[in-house]
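Pasting the structures here.
What follows is chain A paired twice: with chain B in the first complex and chain C in the second.
Up next is the complex of A and B:
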């Protein structure tokens, strides 16, 4: 994995201790006992709206009916009604009015039929894609109506864990650029994402197990940043590790409990 | 001399003129209700007091005295009603020179420096565009209310003029037919001020997640060009100015 500095001395169990304040000072890592990591939560925004609930649907239908009954006729409808009247009069009366009708080449009824045909030809894209049916979690085309997050498998200490992509902070760079670097590490450089703000959204702190803990290396703090994926085209991305795109509800399948708790705090699921 | 009776504020509180149930004897000598706040005085005391007050100014004429002596004592018997010749006595505003109301020049805008040490954005415009009028209006209302709830100050919330597009289809199968469709584009703008940079991405995320289908969202800084786009240009005025200079 390019971009990672040296050997990472990190322990496996991510236990949570008493929460402290986030530290922003750009000092040398050796002076502080905490290792800093920047992690990126890459979100793909929903493409379509969520389906309406039963009550919402009923309400919408009722409102539509009320509005229809209260509304006035549009130009097209008036024209259609007028032409129907003329047709009826023609059939009832003895003399034919072909000359009068000769002006109207296209009748409103014809227009409507034409539009109907066009509408039948139009096929909307399916809301539930193939990826949904296969439950293929690595593709971006699934779950078009909710936020999708990127999870990668990372090796921490001697354990392989599913995490939001994170990378260790190097002195002299901002935490935001650390997070961006993390994103670039796992997805390649040509990712079009918009990072939201310079401030982190969440923090996860944990201490190393006693075996590895030294005076200078008490534990680690992970700072989470959020970004929106602008383009849905990831063909150029070089996916180096195992990755997954999951929704908020599915996060519980992969993340550890304490980590999940902290991550859930800043995830907005509307 | 200005008649105090004509100045309505002088009367102490609400006085019911001609109220038949009001049997309070308001004596002759107190046309200005000076004794109204003191209802507890006996009649004798009141008359003494009023006599003291109005010793020099016997303004009531004989005719009016007779009216006052009637049963329903009206305080307003000295009022110059519209039919009386003394109506309007005491008015003076019409004598003063007329003040021309100042022509208000459109204040361009108050701009704030953004991203200073305070990390505040200046005026931010949230522009919502769509073909569907109801949808865009409802969304604009939603954004406005959201900002109210989050105590973000909303400067103004206005609509830009609608643009009408005519779509012509040219079919080349056999007879050339032209099908017309008329599309109207509506735009609503909500202007915000004082957005802190720590909160801005959260707000953006909320608005983006609740964006309905078919609505374009655009958030940008407010500039003078945006302001000018709302005003109509006056070609004749510009021509004259060009000729003059």
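Up next is the complex of A and C:
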């Protein structure tokens, strides 16, 4: 309660004098000088694993070596050793050859070669996609090993800014539904996204410039919500053309400093 | 004359129609002979056994059965063997032991140092994760505090538990992205795991 009154005191000293006790005003006033916005931070989760660091690679190699040392021979290896013995014996002594010519045996070595061939024939999809190479920031297929966030160009006041999609709150709906509406206005209705809970993750408060500021309209509070994108392709209508999918590191290129600081607080490093 | 009188007087008797009044009458159809007393027992009625002894015997039998059942139940149920923990005997044969050259002192030194560095690396990673989570929680608390200052109902709506969030399922990342238009080979997977019942 006290904090709320404190904010009002900062913004509108006249009102306090007029009303008398500060506490009184807070209880009685139904007008709130802050506009509420709900913003959605839509995350596309990584599709491939991140590359291992040097330390992790060394450790993985060591673990494999230790595992090999502690293990016993498997059935396949025993068979291979046995056949190698047989081959050596055949080469040393000539009379076994007649016996061996009769039967065609598949050796373990042949099997291994066959498997190797089959593996080489398979072509996996590349980890670094075309979108990465062209640095096409509007496609979802880039940076498959990190989280991607949706940024939209919006008009705030008289400025065009890159922001997380936000929409003003209307009375009668919860903030979460405001955020979902924001997502729907920019990406269309057919998006499968899992919103992570009813509570906001972060807040960005700002005051309007002095020209617009009135007693009833001091500033705005933008509440951020997080959601995971579940459908992998967005071939449905993208209503606003100016959208970007960026990683956390690239956010600095687009967002304003204060806004960026608040947004970075609720994003994990990925 | 005397025959008619005899017939009138003796209703049931067939044989002795000439006898005076005191004549043995067949009182019931169970009496097979008129001259004898009632000797044969009625054949169709239930025999009257002494009930008490039988009831006691049956009760004793039931108690014995119950005791046996209790003993069986008290005995611990047979444990289901965990197949992963039982090494099949064929793998402990001597020809299976791998023969590799031993470790040189430099190699073991390198390994020990690497393990120590790994320990430190993991500790730093863990601390960073915990710090990130703490930052996340702080940011959320701040947002909720501001929301509360704005309106109580919105705050209540935000505090409410989201029932649809859990169970949350997600496929983890793989090494390469999925190949578009990949046709996996046909086949059937037959499950041969042994199922034990207690």
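A few comments on the model shown:
Just so it is clear, the second predicted complex is superposed on the first by the 226 of 270 C-alpha atoms of A that agree within 3 Å, B and C clash if a C-alpha of one lies under 4 Å from a C-alpha of the other, contacts with A are read in each partner's own complex, and residues count from 1 in each chain.
Methods note: contacts are C-beta pairs under 8 Å (C-beta built on N, C-alpha and C of every residue); 3 or more make two chains touch, one makes a residue touch a chain.
These numbers were taken from a predicted model, which means no experiment stands behind them.
Legend: residue contacts after superposition of the two complexes on their common chain; A:49 is shown touching both chain B and chain C. In the overlay built on the shared chain, the residue A:176 is in contact with chain C alone; chain B does not reach it. Legend: residue contacts after superposition of the two complexes on their common chain; A:197 is shown touching both chain B and chain C. Contact with chain C, but none with chain B, is seen for A:34 once the two complexes are overlaid on the shared chain. Looking at the shared chain after the overlay, A:145 reaches chain C, while chain B stays out of its contact range. Taking chain A as the reference, the larger set of touched residues comes from C, when chain B and chain C are compared. Where the contact sets of chain A with chain B and with chain C meet, they give residues 45-46, 48-49, 196-199, 228, 268.
The part of chain C that touches chain A in the complex is made up of residues 91, 95-98, 100, 111, 114-115, 117-118, 121, 128, 132, 135-136, 138-140, 142-147, 149-151, 154, 157-162, 165, 168, 170, 173-180.
Contact residues on chain A toward chain C in their complex (touch as defined above): 3-4, 7, 32, 34, 36, 45-49, 55, 58-59, 62, 68-69, 71-73, 78, 123-127, 129, 144-145, 174-176, 194-203, 205, 221, 223-224, 228, 262, 265-266, 268-269. For chain A in complex with chain B, the residues that touch the partner chain are 45-46, 48-49, 114, 147, 196-199, 226, 228, 268, 270.
Taken together, the chain B residues at the contact with chain A in this complex read 179, 197-198, 200-201, 204-206, 208-210, 212-213.
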